[in-house]
Each structure stands twice: as structure tokens, then as C-alpha cells.
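There are two complexes below, and they share chain A, which is joined by chain B in the first and by chain C in the second.
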Partner chain A sequence: MFPELNNLLNTTPDRAEQGKLTLLCDANTDGSFLVHHFLSFYLKANCKVCFVALIQSFSHYNIVGQKLGVSLTVARECGQLVFLEGLKSSVDVFFRAQAEPHPLQFLREANAENLQPLYEFVREALKPVDDGEAAWRCPVLLVDDLSVLLSLGMGAVAVLDFIHYCRATVCWERKGNIVALVHDSGDTEDEENNILLNGLSHQSHLILRAEGLPTGFCRDVHGQLRILWRTPSQPTTQRDRSLTYQYKIQDRSVSFFAKGMSPAVL
Partner chain B sequence: MGAGRGKPRALPTRPQYRASAEGGSGADPGGEAGPAWSGVGGAGDVSRPRVSGRRTGACGLLPLPPTTAPNGSSGPSHSVEWEGRSLLKALIKKAALGGEQVHILGCEVSEEEFRAGFDSSINSRLVYYDLFRDPLNWAQTGEALPGGPLGALQAMCKRTDPGPVTVALDSLSWLLLRLPCAALCQALCAMSRQHACRGGGPAAEQLCVLGLLHRELHGPGPTGALSSLAQTEVTLGGTAGQASAHILCRRPRQRPPLETLWFSVLPDLSLDLQGGPPLESQPHPDPHTPQVEPASHLTFNLHLSKREREAKDSLTLPFQFSSEKQQALLRPGPGPATSRIFYEPDAFDDLDPEDPDGDLDV
Partner chain C sequence: MAAAATCGTGAGSTGSMVAAGGKNNVTSFQRRGPRASGSDSSYSRLVSIAGTRPSVRNGQLLVSTGLPALDQLLGGGLAVGTVLLIEEDKYNIYSSLLFKYFLAEGIINGHTLLVASAKEDPADILQELPAPLLDDNVKKDFDEDACNHKTAESNIKMKIAWRYQLLPKMEAGPVSSSRFGHYYDASKKMPQELIEASKWHGFFSPEKSSSTLNIEPCSLTHGYIKLLQFIQNIIYEEGFDGSNPQKKQKNILRIGIQNLGSPLWGDDICCTENGNSHSLTKFLYVLRGLLRTSLSACMITMPTHLIQNKAIISRVTNLSDTVVGLESFIGSERETNPLYKDYHGLIHIRQIPRLNNLIYDVSDVKDLAFKLKKKLFTIEGHSREQCILVALTPAQ
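The block that comes next holds the complex of A and B.
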């Protein structure tokens, strides 16, 4: 996890909030550093994490996690982390008997209308353990990422339904958190992605949007991060709070600074 | 609007408006033709239940009680930055305090979260239909509302008792993404018709439907259809940290047709209206970027003193061709016409009087 980002979000692993949906969004840049941040953050916060990783392999996340101070291998072995490796298990779908349910079953079905098997997998993975000891603090679902589900043939409403059920179970019933990454291609013609992004934005409590600089690539400033805190049901006398920072990604950390205040420029 | 493999990833932006083509999903058992917004159908007697295309009743979803508050609105439509659920809750509170029954179809947030902020007296007046926990019956526990989202909406129509009632839909966007637009519009129209049948008075004074719509999620077709059903449309926005409501009223009897009000919803869910802003056409300067004088804090002088400016203005440029210069060139001057060269030879010079070009055959 990145301590500077924790400061911006005004949170620490000990004081992590519960029952929240955090939406990560990237436009013209790679926002996966946010996924790595939240993965290591919640592992350090002693939460039980279910990670639906559809983009990269387990070893990729493990290597980055080790740089950030967590070992995914150890977490998986002791039961803190349930890891769905999409790249590997998508192949398993085709070599299993069709009757056995698989979370990525929609890849095999011609007319998959919903992501219920994936939801059942998440629900099972984050089921509270009834052996008396409260081992983990709260359940957390992490998805990297949701846009790839659209590319794999699911509709935006099916993905919204999946997140709806996850919110009902993980956030409301079990007082856990959800963190999901959605890409913003900036393409106004991609209506499905826009529906997914806007639909999730309205349900989120926190939106982190990583954007590339409008002037292009830069060696010292990798992008801009917009943070929007929302309260979807509570009245606020003014608009929801929003902050914007620029950042530079280094080997083991990310440094944040106010716009135009990069150390390379000053 | 369902997902399907092999379908191109683009939603149709024009929903099917034909009522009869929806395969039995229409709410009206009588098979009345013509959606209400098409203007088809005569006025008909109010008391008869089966009247085709009775426009007044179908549009009587949104009455306007004679108050100054922007009440009876069909749709706070809001965006991500300016959320509308708190305004919806404020309107619900007002209706409940006014003695009306309030029925809420909750799809987007849990019942606990929705009821948060209401005190216990108001909460006891709210009838909540929970479509959040298991809307599509995935859990198969038997607790889900039967018939899915459309069935839940239709069940709400049947359960409202006669008398003034407010129905709140949180949210219309959720329903619109999962139901065909025509079926949703028909269900809304049927709601007012059935309520009118049950009650003694005309529907317009009895039933108020409030629907929350997320503007960015839908194309112009569905939003246009819902707008045409609505008597009042409230669009939320804001500037400089202050929320504003842009109200469009389609039946302007007592109110102006277009009005913008600043408002805020207080923590106890009461509505605080602050009058209309005359500043709609004047964009506020962004308070976060103060005006910066670019010539300040420089290490060199960019300014001219008065004397320097006069000297600069009176200078004629060397290649500027003024009329005086032209005359001077045309007039032959008093000096010699040719120029002279004065040469002083020094000790090492070898002056040869012969013409060096003498041997050329020129």
C-alpha cells in the first residue's frame, strides 16, 4: 500500500471503513497501481479478501505485492486470500464436465445472461467462518477488472446485476467492502462501458479516477488522480468533496503532489 | 435490453414504443391501445374504468399541491456529482408529514440505508418494497418479490389504499435498465388508472409518483418518454458548492413553466429553498484559481516611463518610407553626386600607375 495515498484518503489499515463500494477508474493511463494498493491495504488490515483477478497472473500480483510488503502466497495458504486467477481458470472451464458449476461458466455458454455463478463463488469465498474465532476483520471483494467482462460478451446490465448482488451480500449483509476497477476508454460510442461506469459511479462511496495528462506522456509526472467522496443517500449541504493530485509511480511507492508541484519542475 | 453473446456492444437508443408488441408485459389487462403520450383517445368520463388513452389520468401522475415547494415532481434527475436521493427523501418526508401514505420501491440501496435520516414517526408511515436484497431471485429462498421488478411495480399499484398517496421509485434508472421502456411507462400509467378506479376522486389529486433518474445512464429516447409522462421535471446541478434545481413544469397553472431554485437538504431531511439565482447566465469565476498578474515578480523591467514612451513614439524607423523621405530622394541634393574615397598610402604600398586591367580584351 502507498502511505501517501492513505494520507490523501485519510485512512489507515486500522481504521478502514466498512460497507463501502470504491470505484477505481482509469482513462488514458494504467490504473492498476490502485488495485495493488488496495490489495496490500486490505491484507495488512487483516481482512479476508476475495480477489477476482481477470487480467494478470497470480505471480504478477505476488511480485508487486512483495514490493509493497505483503506475500500473497502466504495469505492464500493461511486462508486470508481467495484468489480467482481468471487467466488460468478460464481454460479449466472447457476441460470440466459441463454440469459442474464454475465461476467463469459464462465463457462456455452461448447465451449466458447473468454472472450468477461468479456471484455464488464470491459469496462462498467470503462466507463467515463459524468456528468461533473471528479470524478476519471484514470481507473484501476486489475485482480487476470489470471492463473485461464486457469484452468477454456480458452486457453492462449483467455486470451491474453482479455488482448489485455483491453489494447486497458483501457490503450490506456482511459489512464488508468492494473495490472494482473499470476502464474509461473515453469513447462516447462505447455505450455499454459508459453505462457500467456511470451506473457504478452512482452507487459508489469513493471514486478514484486516474487520468493521463492531457498534454501527453511525461517522465516525471505519470498522471493525475481525482478523488471524489460521495454519500449516495445522506444529505449534504454542498457537493461531495473532490480533490485532484498528480502522481509519479516509482519502484516501490507512488508519490503524490499538487498540480504543477512536481519536484522535477520546482 | 438483456445481455447476449454475439450482440454488438451497443444498446439500442430507441426503445419500442408499441404497447402491443411487448409480448404481454403490458400492465393493462383490458388491452387498451395507444400509450398515453401519443395523445390518442378522447377525454372520456372520469368515473368509467375502461377508457382508452385517457390522457389526463395517465399524466396525472404528478399533481401540484398549492405550496411553494417544488413538490409533486416526477423526477429529480441527477448526476454523479449532485446526487438526488436526499432530495427524494426530503420530498417523501414532506408527503408523510402531510398525512399521505407513502409507498417506496427501493432497488438501489438497502432498506436500512434508505430509512436512515427519517425519524421513527415517519418511518412507521413508509411502506417499503425491498427490491435490493434479491431482485432477480438468485437466492431462491422464496423471500424475493414475485414477478421480478415488473411484478413488484405492479404489486405496488394493487396495494395502495384509496386516498392521497405518494409512490417513490428509487430508482427509475434501475427499472429502466432492466425493463423495456414501454413496459415501464405502461406500468406507471396503469398505476394512476388503478388508483383512480379505487378512490373516489380524480387521479390527479390522489396520486403522486416520484421517480429518481440518473441522467447519464440513458439515451434521449427513454428519458424523453419518461419526461413526457411527467408533469414536472427537476434536474439537479449546482455551482460553487451550492445545489440548484432546474424545474420544468408541463402544466403551468399556478407556477411558472421554467424555474431554477437554489436548495439544500438539511441533515434532518427538511428542504431549505433559497430562491432563484439570477446568476444562471453569469459564470462564476472558479474560486480556487485567483487572478494572477503575469508581469509581477519579474527581475527585469517591462514597463516604460512617460519620457521613454514619448521618445519611442517620436522615433522614425530607418526603413520607414515617409513622404518627406521620398521628396528628399527625388530632389537632387546640394552635395556631390558621387562619393569619394580618400586613400593615404603607407610605406609598404606599391603604387603602380598602370591600369591593372589593361591586358584584358574588354
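The block that comes next holds the complex of A and C.
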């Protein structure tokens, strides 16, 4: 986790909030550093994490996690982390018929209606353990990323339904959190993606939006991060709070600064 | 590259490398070095595979794309286990040249090739590969050419201008004796004996379309399903993913797929806007899953300028690791633009992956142009201040 981002979000692993849906989105840049941040944040906060990693392999997250101070292999072995590796499982699902329903079963089907097997997987993974062992603080679902599900044949409505079901189980019933990454396709007319993004934006409590600089590439400022706090369940009598920072990604951390205040400029 | 390490130590212990279904991490993305997660990936026991080298930044195993300057723009080379997507130029002239360089590099390094095409028979493609350039010929060409840099003897293969000298030099690994990245002469053909000595598998889509499918019809087109099965078969049979107990493979599989997405594959995204929008993206996803779990690297050329639905292009970009776009000036108004009079086209590096890392190697030069002049295929940073001349393979 990045300490500077924790300061901006006003959280620490000890005081992590519960019952929240956080939406990560990136436009014209790579927002995966946010995924690494939240993964290591919740592992350090002693939460049980179910990570649906559809876009990269386990060792990728593990190596970056080690730079940020968490070991995914240890977490997986002791049961704190349930990791669904999309790329590897997709090969198994696609080429061999599975005996029991697999979370990525929609890859084999021509017209998969919904993501129910995936939801069942998440629900099973984040089931509360009753036998009094090391009690994790709260369950967390992390998805990287949801736009891939659209590329794999699911409709935007199916993905929204999946998140809705997960919210009902994880956020409301078990007082946990959900963090999901969606790509913003910007000006390319990806309607399904826009539907998904808008639908999730209305449901989220916190939106972190990483954008590339409108002026193009810069070596010292890699992008701009917009943080938006929302209260979706209450009428918007109070304005949603929003902050914008620029950031630079380094080898083991990300530094944030106010717009125009990059150390390279000052 | 620790997959190479596990392959190397597999002689003694079978438990760590071979596992049913490859569920032990035989991915090529483990970091090599004493701090790596696996206990059996110490530096001294690493068996070096010909034609590969570890990345300077994170120890990732890299192979050359066949053009040393493109390797440098991509941060050292193409990472094993990833997909390089080339967005074809309008008449598929320069992208097929890059495709041939990629395959020729595989033959020179002794890698196994898998060539897939719907347009040409792979055997014909292999006959037309460029010949590798020998050392003294390269020296003569560079002296003749009107370049205004005197280079040291050690830089004779690549004229690195002063900007690039600030970047870390490419060095050969301690174990591998052959050079990383070779030069080719496109006016000559690859010698027949080299082609025959190489190991290659060809997939020609019209030939394979008649056989039956043994998986349920999903939304992939027929040609893609057959290609995926073919690739998976080769990877398993020849042991590139470490799950075959009979085969211990210590080589790289280079997969080259030409004109993916064109109507010849049975896909209609280039013909209509409301075509089958999930076939190509599903194919890319499963392909990437195959690559991540095996010692292979893939180059795909795709006619993205023909795809009608622009949303598919952004999805395809997100599903690929490295994306390079070629734009040739033939037939466009830039051909007569005096600014571009020396060049044949532009190269756009659209995406470079951040593998095992938060950051990635990115070149400072963003406007890159290429030209094919006599025996030099050059990529230059197109800006008056930054005249970065990175001489590449001599071509026609």
C-alpha cells in the first residue's frame, strides 16, 4: 500500500471502513497501481480477501506485493487470500470439460446468460468461518478487472447483476468491502463499457479515477488521480467531496502532489 | 525465466517442476535471483536458453523481436509469455516484414516456430525469410552509409547516438555465447539448410477447417478454435509448459500469427460493424492464458485499420501486452509532406506492459519514424532536436 494514498484517503489499515464499494477506473493510462495498493492494504488490515485476477498472473501480483510489503504466497497458504487466476483457469476451462461448475464457465458457452458460477465462487470463498480460528476482520472482494468480462462475451447488465449480488452478500450481509477496476474507454464508442462504468459509478461510495495527462506523456508526472467520495444511499443534500492530485509512480511507491506542484517543476 | 531454472533443476527433483495440469507455478514470470519466491531459482543453476536474456530492470526473460532497435524501444525485447500485437500498416508491407524478422530470429536462435496464417502457406512464408547478415558485411555497410557518427568498434552492430548511449547498454548474458538480436538482409533469402535444420509447425487455416471440433461451440469462430487447439497441442506435446513428464523442454516457442481478425479467418469484424464482437477478444484471452503458462512468445499482426467497430480495438489493446502500430506513408498525403520526405512511415508504441513491476521502461522519444533505404531499416526519433539514429537491419 502507498502511505501517501492512505493519507489522501484518510484511512489506515487499522481503521478500514466496512460495507463500501470502491470503484477504480483508468482513462488513457494504466490504473493497475491502485489495484496493487488495495490488495496490500487489505491484506495488511487483516481482512480476508477474495481476489478475482482476470488480467495478470499470480506471480505478477506476488512480486509487486513483495515490493509493497505483503507476501501473497503466505497469505494464500494461511487462508487469508483466495486467488482466482483467470488466465490459467481459462486454459483449463476452455480445453477440458469440467465436472463441476467452474467460475469461468462462460468461456465455454456460446451465450452465457449470467455470471452466477462466478458469484457462487465468491460467496463460497468469503464464507465466514465458524470454528473460531484466526478471525479475519472483514471480507473483501477485489476484481481486476471488470472490463475483461465484457470482452469475454458477457453483457454489461450481466456484470452489473454480478456486482449487485456481490454487494448484497459481501457489503450488506457480511459488512465487507468490494473494490473493482473498470477501464474507461474514453472517446472510443464502447457502449457496453460506458453502461457498466456509469452503473457502477452510481453505486459506489468511493471512486478513484486515474487519468493520463491531457497534454500527453511526461516523465515526472505520470497522471492525475481524482478521488470522489459519494453517499449513494442518501439524497445528495450535501455535495460529494472531490479531490484531484497528480502522481508519479516509482519502483516501490507512488508519490502524490497537488496539481502543478511536481518536485521536478518546483 | 525461473521456468528455465526449474527446467534446469528438473533433472534431479521432479516435484517442483512437473505437476498435473501445471498447477505448480511454471509460469515464466518468476523473478530470477536469490530473492525469488522459488527456492530452486538460484543464479548459478539457471540454464540459459539460447536467444534469451534477462531484462535489466526486473530479471524478466526476454527474446529479441528480430529488430534490435525495436527491442530497445520495448525495453530490451519481448518478454517470454507475452503477446506483441502489431497493428498493420495499410498495405501490410512493413508489418509482414516485421513478422518475417521475428521468425528469422527464431530460426537463427534455434527456437521452435509455430507459424499460423490464413493467407499463405507457412512453408511459403518460411521460404521468404530474410538472410542473416554476417559481421563483416555489416561493418562495410555502415562505413558506406552517410551516417555522421563515428562509432567505436564495440558498437559496430548498432550505431547508438549520443542519447541512447546514456541508456544501459545491452550486454550478452554470462552463459549465452550468441548475440541477442541479429541483423538481416531482406534482399537475400535465408539459406535453405538453416530452414530445414529448424523445427517449425505450420497452421494454415484453410487446410484445417474441415476437421471436426471436439469442444462445444462457443462464440469463437471455427478458425480460432482450431488454432487454439493446435497451439495448446504443440505446447503440451513438446513440453513447453512443463506438464508433460516425458518432455523436458529448454527452448522457446515462437508463435507468429498473421492477419488475425481478417475475414480469411472466418471473422467478420472487418466486414461489418455489428459482427461477432467477442470472438477475437476471447481468442486473445485464452491465447494469453496459454502463453503465460508456457515458455513461449507470440507476435500477432492484425489489420486494425479494417476493424469497423472501434470499441473492439480498445478491447484488443487492453488484452494484449505490447502493442506497436505501423503507419506507412504510401498513398497518404504525408508522402509528399517535406517533413517526412526521408521516411516511409511512423511507428507508434501504443502500449508497453508493466510486468512484475509498478513501472516500466519507456523511451523518451515518442515520435518515431522508420525508413527502408537501401540496406538500412532505420527507426528515428522524429524531432529536429532529437536526431536519434538507431541503425537496424539492412534491408532492401
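The criterion applied here is as follows: the second predicted complex is superposed on the first by the 254 of 266 C-alpha atoms of A that agree within 3 Å, B and C clash if a C-alpha of one lies under 4 Å from a C-alpha of the other, contacts with A are read in each partner's own complex, and residues count from 1 in each chain.
To be clear about the criterion, a contact is a pair of C-beta atoms (placed from the backbone, for glycine too) under 8 Å apart; a residue touches a chain by one contact, two chains touch by 3 or more.
Predicted model, so just to flag it, every value in this text is computed and none were measured.
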Contacts of A:195 with chain B and chain C, given as first, second, both or neither: first
Partner chain(s) touched by A:36 [first = chain B, second = chain C, both, neither]: second
First, second, both or neither for A:153, with chain B first and chain C second: both
Partner chain in contact with A:203 - chain B first, chain C second, else both or neither: first
Partner chain in contact with A:215 - chain B first, chain C second, else both or neither: neither
Partner chain in contact with A:165 - chain B first, chain C second, else both or neither: first
First, second, both or neither for A:10, with chain B first and chain C second: neither
Partner chain(s) touched by A:111 [first = chain B, second = chain C, both, neither]: both
Common interface positions of chain A, toward chain B and toward chain C: 109-111, 150, 153, 189-193
Parts of chain B lying in touch with chain A, wherever the complex brings them together: 1-7, 9-11, 13, 80-83, 85-86, 89-90, 108-110, 112-114, 116-117, 132-136, 138, 173, 177-178, 214, 216-217, 219, 238, 241-243, 264-267, 269
Chain A-facing residues of chain C, complex: 21-22, 25, 27, 29-31, 37, 58, 215-219, 228-229, 232, 278, 281-282, 285-286, 288-290, 292-293, 310-311, 313-315, 318-319, 354-359, 362, 364, 366
Chain A - residues contacting chain C, complex: 30, 32-33, 36, 57-60, 62-64, 66-67, 73, 86-92, 94-95, 97, 107-111, 147-148, 150-153, 183, 185, 188-193, 216-217, 219, 249-252, 254
Chain A to chain B touching residues, read off their complex: 109-114, 116, 119, 150, 153-158, 160-161, 164-165, 168, 172, 189-195, 198-199, 201-203, 207, 228, 230-240, 242
